[in-house]
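Two complexes, one shared chain (chain A), two partners (chain B, chain C).
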Partner chain A sequence: MSRPPTPAQPSARLAPIQRQARLRERLHPTHRNLRSELLATAAFLAPALALLAAFRLYPAAVSVAQSLQGGSLQAYRELFADTTFLKSVRVTLAYAAMASPATVAVSLLLALVLQGSGRVRSLVRTACFLPSTVSMSVVAVTWGMILDPHFGLANSVLSAVGLPRQLFLASPVQALQCLAALSVWRNAGYWMMFFLSGMEAVPKSVYEAAQLDGASPLQCAVTITVPLLAPTLGFVLVSNTVVNCLAFAPVFILTRGGPLGSTNVLMYEAYKSAFTYLDMPRSSAISTLVLAAVFALSFLELKLIQAGFGGDRQ
Partner chain B sequence: MIGPNRIGASPLSRASLLAFRVAGYALVAALFLAPLAWVLASSLRRPGPLYQYASPLSWRLFIPDRPTLANFAHALTSLGMDRALRNTAFVAVTTALAGLVVNSMAGFALAALSFPGKNMVFAAVMVAFMAPFDAIVIPLHRAVSSMGLVNSWAALILPAVGNGMAIFLFRQFYHEYPKEILEAARVDGASWLRLFWQVVLPSSGPALAAAAVLIFMHQWNSLFWPLVAAYSEKYTMAQVIVASQIAVDGTRWASLFATSVLSSIPPMMLFFLLQKHYLRGIGGFGGN
Partner chain C sequence: MKRVLSVALTLLILTAVTTALPAVGAGVGAAASAAAATRLEVVWMGWPKDLLDEQLAPFLQANPDIELDIQAVPFNQLFQTLEVRLASSQPPDVFIVDGPLTASYAHRGYLMPLDSLIYEEELAEFFPASVEACKYRGVLYALPYTSSAAGLYFNIDIFNEYGVELPPQKPGDRITWEHVLELARRLTVDSNGDGQPEVWGLLIEQSDRPYQLLPLAESLGARPLSPDGSTSEGFVNSEAFIKAARFYGDLFNAEKVSPVGILDAPVVREYFGSGKAAMMLGAEWNISRLAEFEGFNFGLSAHPAFEGGRAVTPTGGWHVGISSRIPSDKLDAALHFARYMTSREASAAWARLFGNAPARRDAYEALPDLFSNYMWEVLLYDMEHTASPRPVTPAYLEFEARLKDAFNAIQFGADPTEALNEAARLIDRELARYR
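Up next is the complex of A and B:
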């Protein structure tokens, strides 16, 4: 049943104008509304900020305060004259310098090889991710068995292919490298996901065009995918370096800092200072220094990423 | 991705390319799975020497002879793994649900609302994101005990609800959220809170999945904090039982393997379920 078009009611004619007015009001709130806007913002932020303040920021501040016992820098002065601490700094840097680039390289390579659809690739991706779902204690115990110098799987494989057996975790030279390898094995699949996610954002047409021009898969990867992944690459490298600077659990379970202090990373030294030497200022001072270094590093690298690759920030 | 330059290649070289590819995939999968498969096979084995099949190497390492579930039965009935799994599931699920609400709201405010001191708030979130947990355990324990929460569910759950990385993830996700939808709803007079609950949150699937995986796994695999914060048997968490099989006077290997496998299944299942969404949810990390 059709009705003749009725003349527009005054209210209906006014509606768009009222809408406009409301839009202006919402987008550029007047003084009265500003207060309710701020209240809403506070409601959004308060729960998270309260929890972070109580359970993260406050304890971190207490830790910094403890390192400055009585407002003195005594704990720090002692640290920088302490050869154990200085060696621990070198060990931590060496560990991060081995593990972080290796993890980024392996995870990027995995993502390049395993990107795309297909059941097989999806299964292999899941296989790569599984180690990162397993707890660190399980990972450490497993690798302890693999790297056992007498009966371990790694030495069996070496013998089987005719290579000399190794000491692995019992060697002052190899122990840190083994821990770095463990870290790559556990984390590569995790960070691979970030690269895969970044690759999904690259339009398919770019690849199609390159293929039409006769580019090989390798050329596509080097000239298209990797440059477009630069922001992801930066994020993964920073996060990885942070994680590796804070390494603790595998050292605690597998090597206890040895042999000969060759795996005595800073967070383990901080743990020993607190629980073995019962020297809280020393422990807090070490944690504070690690934290400061981690911040400086993250800040610097994030700035580099923004400057160098001009992400789409705001 | 086979370019036009390969179209003329002979069927033989194509077949060998495929074989090469499959072998490569199998090698990659084996490198990541073999250590886990060893643990799984060991958990199904009858009592015997730990390294029996590892040295010299035998295929029996991965396929146990006459498999048994006795180790699992022992873990569940005598080691308290049944209760520990229930406890851990309760703690991890509760933390993840509360964490999704709290962190998504904060991430939304940081991405879509304008307010004074926004950069300061964001900086505080990033500090919380990076503060190493191991370094703050002792002051955190003191803070929790001054609130009278030690040895309670709250001690296990509350400290992990606010998560700087999850807030960052949601912020990145909502940065991409279409502004027109928000403006249209605002014009119709919806309050920010209603808008968030009824419009924004239901369409945040990928970010919710990624944050849920993040928080759940963090809680499921935590060991150090449950040890100091909730030590009574009532609150025992799965990883505490796993770790307690490693003893100075000799590790109880069979129990260690069984508890390790039991404690690893739930996070793997969660990842399987949320895999697709997870991948899209972490997309914001590259964009900054």
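Up next is the complex of A and C:
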């Protein structure tokens, strides 16, 4: 014997309507709600913004002010007539041009090879990621010992296999290449993780369809994975270029800008100007120019990402 | 929404309170300990910590009312660290001063003038040259901690193995640089023919620093700055200076008797102490440092000079300075500490511990067993007869950096004339800022 259905309580009947009303309110907040929402947002953002202002924006503003020394552009005028600075710009660009594409290529290759599950794969992934967890100073000191031109491991290995010994960091030609290689070694694993997470976002069905059509793994990688990774690729390339434009630690520890200024990147030149040559306006002017360049690069990055998402919608 | 807001505010207040609490606690702690002890912040040279501890132990034991916060900074970062700290609103109370930088720090008002705080008699035992180096425009700004000298160290076993006669080992008896080059050629050995010598002829301990390289130019009659210290054009790029710099560059490039790019003094010492070089131009502290290499058989000859040139040897040392902005309640403790560090006992102790030459006579008398060694006699003779201090200029830091850049470039194969012309241009630009 079945019980007759109990009539729903008025409050229970109203529940879906109340829920809808709350949802509507959230989507189209009234003036009062909007204010408290803004307040909450501000409260949550305040600690981060305060730190950003104190440790990033304020020093940047001080640096810009110092570079202008009483409203004069003298420091900038001197910079653009200064061969040391212009050479430093070239060195920085050369470094970024070597290190950034190489890092992106290696990290993308690693991601392509190491995507998917399996114990060996995850072990190798961890191994590739490890260098990025080590501090740059430790990396630099270790590589300094390996690349020592006279008694380093690298030359011992070269001699053992019958190849000529190299000067590495003591060579005006090879030093910058060595620093770029060191940067690739340390950062490739880090950026690989971005590519791996980007690959996770590619729907499996696309690959299944391609496999049904008889596409090889290489064809899948070239025609599906890489094009769909475009936004990630843009982000990694630009972020990595920014990181490389700000390179300092390996230069400071390993080469001190030498030999013959071949590794004298802008951040090191700014450092030397301030603390060795005691020329604060010059140092600040260099930092400000680097800041402007990095800002422009970041803007480009945002545009690239937006373009990437725009492409997705089409 | 209200709930979100109140949670956010509570979190913020909690964060603020938890951040402030330790600060309050620290304040109470500091107040409590201030009553008991004066805490001196000291920026010091990054010598081995165990040696520093041993050096400071007697002071701390005798002065329980003074606490020392020793911040030991490695040599390669020391001057930059001091620049930042001295320019900040909280400079260290006491700091180590490299001799030639005394003028630079004094000129910029970083050092406390000591004329009215130190009695004339207290300076009697210091070498007059060391006291002079602590003065800027006639005012005493620091106390001498160490002095220095340099000579030509040689590996006796390598000389014997290749049947080469040892350089002289008597005070004032020096060989010429031309002779050193000849010896270095004979003792640069590449036995397996891979183009990489197993034994190098000559190392220079501070291989691109003006301290050890200026005497080469001075031996040929050159000087790096005009007598009034106002200009370097025509001095740092004079014919004699360029000739000395060319000799230096050739050691690394044309002659290949010295290895390019070994710039850190401890690494150079490691090379020499482990038998990878026949000779090393090095400072006095190597007498103690090299003795630490087991079974290493070395000797010392007086600093070389060029044929027909003058015997000139490097000198200068570390000083102890007190910040001009030290709080007045700390000044007595700081003076007490500076006096201790430059005392006969502490100078002698440091000579025994690390091997720096003391800047006062009585410290040598305190350690006859250490200084009766013939190597010390060779160096002391030069300190008295041939030592040439580095130029006095408020722009010394910049001057040294530019000249170091030039020597570095020459070591890596740059043309000495071009490198020194560039150095002269840049040094004069730096000097102009002080006029």
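In this text, the second predicted complex is superposed on the first by the 274 of 314 C-alpha atoms of A that agree within 3 Å, B and C clash if a C-alpha of one lies under 4 Å from a C-alpha of the other, contacts with A are read in each partner's own complex, and residues count from 1 in each chain.
Operating definition for what follows: a contact is a pair of C-beta atoms (placed from the backbone, for glycine too) under 8 Å apart; a residue touches a chain by one contact, two chains touch by 3 or more.
Just so you know, these numbers come straight off a predicted model, no measurement behind them.
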| item | value |
| --- | --- |
| Partner chain in contact with A:L260 - chain B first, chain C second, else both or neither | second |
| Which of chain B and chain C A:Y277 touches, first, second, both or neither | second |
| Touching partner for A:L169 - first (chain B), second (chain C), both, neither | second |
| First, second, both or neither for A:F44, with chain B first and chain C second | both |
| First (chain B), second (chain C), both or neither touched by A:V294 | first |
| First (chain B), second (chain C), both or neither touched by A:N155 | both |
| First (chain B), second (chain C), both or neither touched by A:A201 | first |
| Which of chain B and chain C A:P227 touches, first, second, both or neither | neither |
| Touched chain A residues, chain B compared with chain C | B |
| Chain A positions touched by chain B in one structure and by chain C in the second | 37, 40, 43-44, 47, 150-151, 155, 159, 271, 274 |
| Complex interface listing, chain A residues touching chain C | 33, 36-37, 39-40, 43-44, 46-47, 149-151, 155, 159, 164-165, 167, 169-170, 172, 256, 258-261, 271-272, 274-278 |
| Residue ranges of chain A touching chain B (in the complex, touch as defined) | 19, 22-23, 26-27, 37-38, 40-41, 43-45, 47-60, 62-63, 66, 110, 113-114, 116, 120-121, 123-124, 126-131, 133-138, 141-143, 145-146, 148, 150-153, 155-157, 159-160, 185, 189, 193-194, 196-198, 200-201, 207, 211-212, 214-217, 220, 229, 231-232, 234-235, 242, 246, 248-249, 253, 267, 270-271, 274, 280, 284, 287, 290-291, 294-295, 298, 302, 305-306, 311-313 |
| Parts of chain C lying in touch with chain A, wherever the complex brings them together | 1-2, 4-5, 8-9, 12, 15, 79-80, 83-84, 194-196, 259-263, 271, 276, 397-398, 401-402, 408-409, 412-414, 430 |
| Residues of chain B that touch chain A when the two form their complex | 1-5, 22, 24-25, 28-29, 31-36, 38-39, 50-51, 54-57, 61, 101-103, 105-106, 108-110, 113, 115, 121, 124-128, 130-132, 134-136, 138-140, 142-144, 147, 158-159, 161-162, 164, 167, 183, 186-187, 189, 191-193, 196, 217, 220-221, 223, 239, 242-243, 246, 251, 256, 260, 263-264, 267-268, 271-272, 275, 278-280, 282-283, 285-288 |
